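Have a look at the structure that comes next, please.
Per-chain residue numbering starts at 1, and chain names A, B and C are given in the order in which the chains are listed.
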């Protein structure tokens, strides 16, 4: 299926899901679905740099939080700014930080990049915790509007629609990359960077593109967060859960294709919600970590890999 | 800003002592990453495990935390060997280390943190010992025993390991495997077995480091993450494969952090390690005394 | 006539170890140069420095009159320097055809002359694969190849970047007598089409058959450079490498 029709199919599926949600008229469903779709975006973003290019980014919380906190700042400065605009700003800011970190560390071995992203998460958290304008350690309250602009109904439905839109863009981007020369370049870097460089691939430039795209999408996924939770503080905004889920879901679903993060998010997200409701909210958090370790050892190609026909 | 010499000197001294402790925390990674090229980012999880074991021994049995750590040292050694075995079979043998090996350790780190929260909760835990509280008065300086004891333990550990690595047969075999695995194989030593022992040692150090940690400060499950940045900043700054370099780097970081905390406030301290790491990677990635 | 590839006073150290010392080497356009020397003499290090995988501390490399100092490996490949690796480094998750796609997409297409697209890329990949005898396995993965086929893939990938100079680093190690002949014939065909070839080898039969000129590297220094039959009789070369 070519790129154009694929986007149309995605939009059609998204529209169908949204219409179904409207018909159900259950706001709990919207809250849960928002989280799953958010993880599809986060997982896809992580996978562009991780699965496609082979560079593991542990600092997901940093980029995600940059998006979230830029919304908090924008909301305070320009209360009338529409959410889509905040998303763009959040994405750009996170993308810049990503490229910056990459520029400093991507000329070295991949593990140094990964370690730097881990440390980045702590640093961004420290900076935000010390910044009173966004509430520092005490956190910030964001008032969620009562009704949704444009479509009416509860604001959560509007948030879900926005996240669905972001998801369509992210998936379309991922698939487009897979089939393009950019995607081949990423794969060559992942498989053997020195050989890629010797074959003419401008490895640093491509890695920076991947890092910028990946960080940017994570920032965009974080931008609506303050409106979703209404109270944002560093310990929940920087929760390690986001990082583990964003990595575990593509690893479980399969890192070689755009479909992997989708499968991972739906399965693991669904399982987590089920466990949260039936057992406890502490146990559900453990699930992603345990499944990730198990899959990484036993089924490195993920669920997609289990079904892939051997060439 | 009123910079009194007294304040400055005390900041430097406590930084130095703190740096010694940081060396204890990093020594395990100096072995696993510096010598075996295994990026064990879950090392802080093992340290915290040591802290909590020391906590239980101390509150339930009244045992001194350092003593408790020494008692469970063999168990940590075995744990390290077991973890390496899994890592070897699942990743090293398949030559698929980077993405999945890192994710494996990240998963372990996360599981350990959540596991500790489930068992112990998020409250801060600390230990009691006769040396926590009083200080040693040395000339003009005030050396809290709370910092001095971990510093001394750490130095003993570092010196002990350095002697082991350079004098004993097994220690030299470990150094050999770090430099040239093939040559070692040709000399009829089994590199996998040696790496397993080395990794076991690496985790064993976490037991003592954990006891030191809970002596210096109260612990709660999420502080492991702060230490990843510190540990790798120290190992990279010191130069991989160099113990003396690592110790110098640890002292340096300790002093810089202490000065930052004294003059800019303690909430900025975690960011210092990252700054140091980034600058080192950008300017001199091989570190001070690196190979 | 200025040489196509000119290495001048090139030196490389690893810490205290001097891997290469003041290497001067000229390769003329269209030439067939052989490079021999004992293991550890620095041959692969020299290739790495010429191609930009490693950075030399002293001296310079010029290609087609342009100094390459400071240029990254991919930039040198785009200008026409191709090399195969001594230990094959295939892209493990890509099929053989896709392996060859990479240099076509990133080296050939980066040049203003003759950009390939669509089906033409696929056709070119398969053509190069059949030149090295790997046509039937074109859609398989590198893990399905024998060691010898991996070496052929390594050569094919270097050829796919359409180099003006191809440096073949021990491409024939472990091959049978017949396979060595195959590769020699392939490289000579390549040379007849205008590609300058530098052959680094231990198999003396191949080197003597192939080279118009022969250079010898021992312990990081070039100790001989000239007509092959004279070089192999040079007493220093005999002592250091060939034996009595």
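We take it that a residue touches a chain if its C-beta (ideal position, glycine included) is under 8 Å from a C-beta of that chain, and two chains touch if they have at least 3 such contacts.
Source: prediction; values computed, not measured.
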- Query: What graph shape do the protein chains here make by touch: line, ring, star, complete or other?
  - Reply: line
- Heading the list of chain pairs by contact pairs is A-B
- Query: So what's the Cα centroid distance for chain A and chain B, whole Å?
  - Reply: 32
- Item | chain A and chain C, separation of their C-alpha mean positions in angstrom | 43
- Name the residues of chain C that each touch 2 or more other chains. none
- Residues of chain C touching chain A in the complex: 51-53, 72-75, 77-78, 83, 85, 89-95, 98, 101-103, 105-110, 139-141, 157, 161
- Can you name the residues of chain B that touch chain A in the complex? 39, 41, 86, 90, 96, 98-100, 102-104, 106-108, 110-111, 113-115, 117-118, 222, 225-226, 228-229, 232-233, 236, 265, 267-268, 270-271, 273-275, 277-278, 281-282, 285
- Message: Residue numbers of chain A touching chain C in their complex, please.
- Response: 181, 184-185, 187-188, 190-192, 194-204, 256, 311
- Query: Which residues, counting only chain A, touch chain B once they are in their complex?
  - Reply: 50-51, 54, 56, 58, 104-105, 108, 110-112, 114-116, 118-123, 125-127, 129-130, 240, 244, 247-248, 251, 255, 282-283, 285-286, 288-290, 292-293, 296-297, 300
